[in-house]
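Sharing a structure here in structure tokens format.
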Amino acid sequence: MVDESQFRASGASPGLKLWHWISANPALLPVALSVAMAIIFALTVPKFADLRNIMNIFGQLGFLGFLCIGMTYVMVAGGIDLSSYTVVSASAVVGATAMVATDSTLLGCVLMLAIGCSFGIVNGIAVAYLRMIPFIVTLSTMVVAEGFAIWFTQAQSVYGLPDAFIDNFSARILPMTLGISPRPVGIPVAGIAVLVAALALGFVLSRTIYGRRVYLTGANEETARISGVKVRRIEFSTYAIAGIMAGITAIVLTADLGTATTAMVRDVRLMDIIAATVIGGASLKGGKGSILGTMFGLLFLTMLSNAFNLLGVSPFIAMVIKGSVLVAVIGLDVLRAK
Amino acid sequence: MTATLHMEGVTKAFPGVKALDCVSITVQAGEVMGLVGVNGAGKSTLMNVLGGIYMPEEGHVEINGRRVELRRPSDADEAGIAFIHQELLYFPTLTVAENMFISRLPAGRLPFTVDKRAAQNRAGEALGQLGSAIRPSAPMETLSVGEKQVVEIARAVAQGADIVIFDEPSSSLSIKEKDALFAIVRKLKAEGKAIIYISHFLDEIEELCDSYAVLRNGRLVGSGSVATVTRSQIVELIVGQAMSGPAARKRKIGGAPRLTLSGIRRDGILHGIDLEFKRGEVLGLWGLLGSGRTELIRSILGLDPMHGGSMTFNDDGGSRPIGHRELLERTAYVTENRRTDGLFLDEAVWKNISATTLDQYAAGRMRVLDKAAEERTAISMIERLTIRTPSHRARAANLSGGNQQKVVFAKWLNRKPEILILDEPTRGVDVGAKREIGELVESLADSGSSVLLVTSEIEEMVALADRVAVIRDGVIASEAKGESITEADLMAAAMGTEAADA
Amino acid sequence: MTRLTRRGFMATTAAASAALGAPAIVHAQGKVTVGMAWPGMQDAVWSTSHKLLNEFAAASDTEIELVFTAADMDVAKQASDANDLISRGVDVLLVFPIDSKAISSSVKRARDAGIPSMAFLRQVHADARHQADVFVGIDAKYQQLSSARTVFEKMKADGAEVGEVLWVSGDIRDENSRLRGVGLQEACDEHGASIAQDLVGNWDPQQAAAALAPALKAYPDINHISVASDVMMSGVRQVLQDAGRWAPHGEPSHIYLSSVDVFPIGLELLRSGHLDADTIFDVTGMCREAVDLMPRLAAGESFDSDILIQGPVFTPDNVDDPEMQAQLWAT
Amino acid sequence: MHESMIQAKRIGLEYGFYLLLLAIVAVFTVISNSFLTVSNFVQIAIASTFLLAAAAGLTLVLVTGEIDLSIGSTAYVAATIVYLTADAPAGLSIAAALGAGLAIGLFNGWIVAYLGMNSLLATLGLMIAYRGVALVITEGTVKQAGEGLADLGQLKLFGVIPLIFLTALAILLVFQWILRKTRLGTYWLAIGNNEDSARKIGVPVRRAKLAAYALCGISAAASGTLLAGYLGEITTFTGRGMEFQAVAAVVIGGTSLFGGRGSAFPGTLAGVLLLIIINNGLGTRGVSPFVYPFVAGALIFFAIYLDAIKNRARSS
């Protein structure tokens, strides 16, 4: 078996050294992609660099940002969660109905978080303790959550939410013009919320002992178990976190739309969540990825669809491009693993 | 078709160790040669040369006097050499017939089709030849270990192999299955096959083989007809001249045992094991392949099920029962196969080293890890254990076998373990690293931790162990202490021949 | 010409309504950019209206640029599409809502940015807080009502017994599908009929067939099936053929069929007599009206009533009259 | 010859679903008088045709331990080709559609087997890309299929059994024959059991996987073509969500996601019928359409739990 350390010492080709450097810190790639994309679009796409559009993109990160954070935790630990996007609808409709009935914002939000979390717990138990395959477990939870949402509301959307809820959860604060925007533009609360969550949960994943144990579980579950990591509990916790993230997304979206419906997030968005996480450096084999990387992966995709809209690109061509980007990114993952 | 196998002056060397040193053996058609030697004596290397996995630096292989080039496993197949491995390559959901003929499926009438009936008939024939009643249409997963082995032998015969090599086939067989196996070997012998039978059990060698060959440290130290040799002569050949007794132990061993195992049971393999782990003692666990050593370790640590028995722990607060989880937390376990469950191959060396003691580096309410401290500790460990690595940030996968094992040790030393369990700690490690690891084990025992040493290398056991428990047929068969730990006694005890006719 | 009725629809419309048909203040303006937040492009009505709007915009005397986005039936995506269009600084935001309540937040955001908004084909829900400045669409309730009413009258004329009706609805989340259900119920009440079962066709012929087949077993002697849109008629045809109930009007095994939209398949079945009444969904009229309103909205004109295009009922008798043929849209 | 306990348990797990299928049929027969009628079973046959064709191909890929989520979009691409070749003779139109399916299958197989990409993620991305391409061609509108093909959709054998169902069933039986009777099928099972051992013993792993994906592409295209024939038109709903339904049906039918275990006939057939019958059964009882997703989700969960137990028994 060729011993790679001599291989390196023998002065491998510079290209390969660069490659090892890139794969050394995987978050580099999504950051570079997003920065390059931002520059290109700012120069070519009209109105892209307007303050209003920048704030608009920043706000949109709030829609999928939390789900991407949840997906990153799950993938780093070596699993996958297909159910998060329908759990958003399930949590939203129940929370909203309670809010309308009791006019209490608190109860509604708590319910949304609770239901999101409980779907996460179901996924966690099935994968961590019943040792079932994550892909299929979360596939069936996805179908059940959607079925529940449709059944619960008989497919009617829930409306008439208390103003307090809508105003403070989807507000825009500190309107400013920064001299470049004709009208004052506020910073969307959703964007701030996801930024705070990303910083906090990114810190937890990369710097705390719990985070390190999530990485070790994903890197090699048996070695981690013998080294004293409680792998079952760690795996379970990542699905619970993903569930809570779905609950938070329910709150943010319901506030933004002023409505809870069964079609809040559709399956095409699931591809964006997975693509953002894989661009961010995560891999299905686990042990890789970071919240920072995922967030820039999401920024990359959000800018992409924003530009498509600004240019009025046909949605079908947008689909072809998005699908090819995902496949290219996966190809990258294979190269990186070599 | 019969064949004679001849290996002339075969030499194979790996960095730091000469696995085979100018070995020449001849096996006539219709002869069963028993190949014996301790683990690491070169048996598996010899087999890999015959199997086309390793190319020897010097010497060659001849069949019926004709020189044969064995560059790839398929060359060995074509040359009519067949292997009966210890872990069998098989496909559980496919039928016996499909498993036997997977690489040569008989064509059916229509193009691309497989004539399942023909395959099953041929399988039935081959199995019948061996006197076995296994149904060719049965899925492999429903067969016992012994039956699976018979299928593998039948596959070799069906492929027209003239030279059959058995690699410790009987270790996990029941008595009934062993007899069936012996009957099959005799049948093959009668058909003129040349057979090499590798085993630790000298009684099998005497009963089954015509001739014997003994390997020690890669050299052929003795061969001849079984009829003209006594068992003790063979044992002496295997272990070399009686080694001088182990260096006097100066270590103070004493006090109440830190951990006591009583009646540890696990269906099918462990039938009531009692063991005591004393402070500052290197307790050796000696047994043959498949005698249950790794299973015992994994069962008491809760990694595999334990079907009976109890464990009591004794620290300053007197002795109390201890659960699997707590025992795992108190134990440093250097596993048998570092690449699958010993290391995080894709992670940096420093991350591997700190994996077991993360709490040390966690500060504050959020348990934030002090990466700088982790890296500092890793660098000091790398120096202390002289681990050759480009940097502490290199990926563990990039290191040599010896250095990887040192990283595993560093991982556990970091935790100053009360109990240290070592499962084949020096397997696949160069001689230099082997010595350093030996010194490490000594220093750990000196510092008071209880060490359980499982190794198949007899010199290592004799050199390091203060006390050796021999495990056979799922129970502790006998125990040896201090000066009475000699290679001859250990081999004899493991093989169940005790001092009966030594 | 399409019978254009401007009927006050919204209870909350401002009391003083502008004079009906006030002369449109059309004056040459600069270019008008209109952001089109479409639900998606994978539905016949959505993509046809997309094509027609582009044609009318090109033909309009003021220069109109339409910027389309598609939300793949994802409510959150439609909200971000609307945001993208607002931040692009369009002159008018036209929304074709997936969910008529959720779209209200996009209308509010447009208003905050000083952009007038128009709801297209599906109106913003009655009790939504923020209403679009104008709604151009169809009177979905009227369509199903008039089509069902025509069939009930025909059944009475034939002496057929008016009893239960099987209702094949569209997408259960679609406001128009719900309103067409309300229209059918109204028609049933008028003629003493009742809806036997609500079958979800989801605008997909295959799902309509899968839902209708078992229901046909449950109600073997049903003689009137009302379908929310004849885009699903190919599925209905299969099921009735398999059940041996596919026959033109006049034959004994004929089941009376009422539907809406007049897709090509609807036209074909009207001519063959299998389909008894089909209220046209006058996309052309609606698109022409919408394009006509765009520059006026951009110029700040306000509208107090919505433009609900009803469109006439096609029957096997009048299907080939030149006047009706002129209405056809989905070629 | 005594059957050991494991053997009995294995058979229980293997054929448990056929009992469940019969039980469900019995329940619906009791609670709805119009369920157990010939014409209703014709409807069930028609409704299951399109899922059956695609699920047959997916079974082969799953047996090798891989997966293909692009079958729904492949069906739509094939249907689009049927529209493009509407004025050509029906035979040519079908051949072109199946040809497109073959091309897609080969491309999928190349990406997964030769480039080594993760099959779940890669086919997830391709699912979007293929549907995007087809939509560019049809601009998202409903298109008419050729006359010849539309007539094929109506043909019935002995006036009862729809030809399209027989076609799907034929595809399934041919695939089962390949799986059980040919060298390729044995290779697939071997790869699914243990890819490394298979490679060591000389099984052509990459070529075998490529063949599985190619057949899967063809059968997905057949599903789209059959639907175009049946409806006489191509709607944008073709194949939407079919991949997840197909995975559920195949797993319910006993094919394991771990690879190495499974059967197109009777396994996948039972799985598909189970899903369709529940949908149809609920329909005849007039149960609200909102209940079906619930029941389907619970059924999938139950199926994979059994799959996990079956394989834990095998791997422990």
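Going in written order, the chains are labelled A, B, C and D, and every chain counts its residues from 1.
Assume contacts are C-beta pairs under 8 Å (C-beta built on N, C-alpha and C of every residue); 3 or more make two chains touch, one makes a residue touch a chain.
Every value quoted in this text rests on a predicted model; they were computed, and no experiment measured them.
Novice: Keeping to the contact definition above, tell me which chains border both subunit B and subunit D.
Specialist: Touching subunit B as well as subunit D, we find A.
Novice: Could you pull out the chain whose C-alpha mean position is farthest off from that of subunit A?
Specialist: B
Novice: Give the chain pair, either A-B or A-C, that is connected by more C-beta contacts.
Specialist: Most C-beta pairs in contact, of the two: A-C.
Novice: Report the inter-chain centroid distance for subunit B and subunit C in whole angstrom, where each centroid is the mean of the CA atoms.
Specialist: Distance between chain centres: 76 Å.
Novice: Counting in whole Å, what is the centre-to-centre distance of subunit A and subunit C, each centre being its mean C-alpha position?
Specialist: Computed value for the inter-centroid distance: 37 Å.
Novice: Between subunit A and subunit B, what is the gap in Å from one C-alpha centre to the other?
Specialist: Inter-chain centre distance comes to 46 Å.
Novice: Find the geometric centre of each of subunit A and subunit D from their Cα atoms only, then give the gap between the two centres in Å, rounded to an integer.
Specialist: About 31 Å, centre to centre.
Novice: Among the residues of subunit A, which ones contact at least 2 other chains?
Specialist: Only 150, 155, 268, 314-316 qualify.
Novice: By residue number and range, which residues of subunit B touch two or more other chains?
Specialist: none
Novice: Identify all positions of subunit D at which a residue touches two or more other chains, and write them in rising order.
Specialist: Only 135, 139-140 qualify.
Novice: Pick one for the touching-chains graph, please: line, ring, star, complete, other.
Specialist: It is other, because the touches fit no line, ring, star or complete pattern.
Novice: On the basis of the stated criterion, which chains touch which? Give every pair.
Specialist: The complete list of chain pairs in contact reads A-B, A-C, A-D, B-D, C-D.
Novice: Which positions of subunit A touch subunit C when the two form their complex?
Specialist: 46-47, 50, 52-53, 55-56, 59-60, 63, 150, 155, 157, 159-160, 166, 170, 183, 253, 256-259, 261-266, 268-269, 305-306, 309-310, 312, 314-316
Novice: Write out the stretch or stretches of subunit C touching subunit A in their complex.
Specialist: 40-41, 66-70, 72-77, 79-81, 83-89, 98-99, 101-102, 104-105, 113-114, 125, 127-129, 172-173
Novice: For a test of understanding, state which residues of subunit D touch subunit A in their complex under the given definition.
Specialist: 111, 115-118, 120-122, 124-133, 135-136, 139-140, 241, 244, 247-248, 251, 257-258, 288, 290-298, 300-301, 304-305, 307-308, 312
Novice: Report the residues of subunit D in contact with subunit C in the complex, numbered from low to high.
Specialist: 32, 34-35, 37, 39-40, 42-43, 46-47, 50, 135, 139-142, 144, 153-154, 162, 227, 230-233, 235-237, 279-281, 283-286, 289
Novice: Along subunit B, where are the residues that touch subunit A in the complex?
Specialist: Listed in rising order, the residues of subunit B that touch subunit A are 301, 303, 328-329, 333, 335, 340-347, 351, 355-356, 358-359, 361-362, 366-369, 371, 388-390, 394, 397-400, 411.
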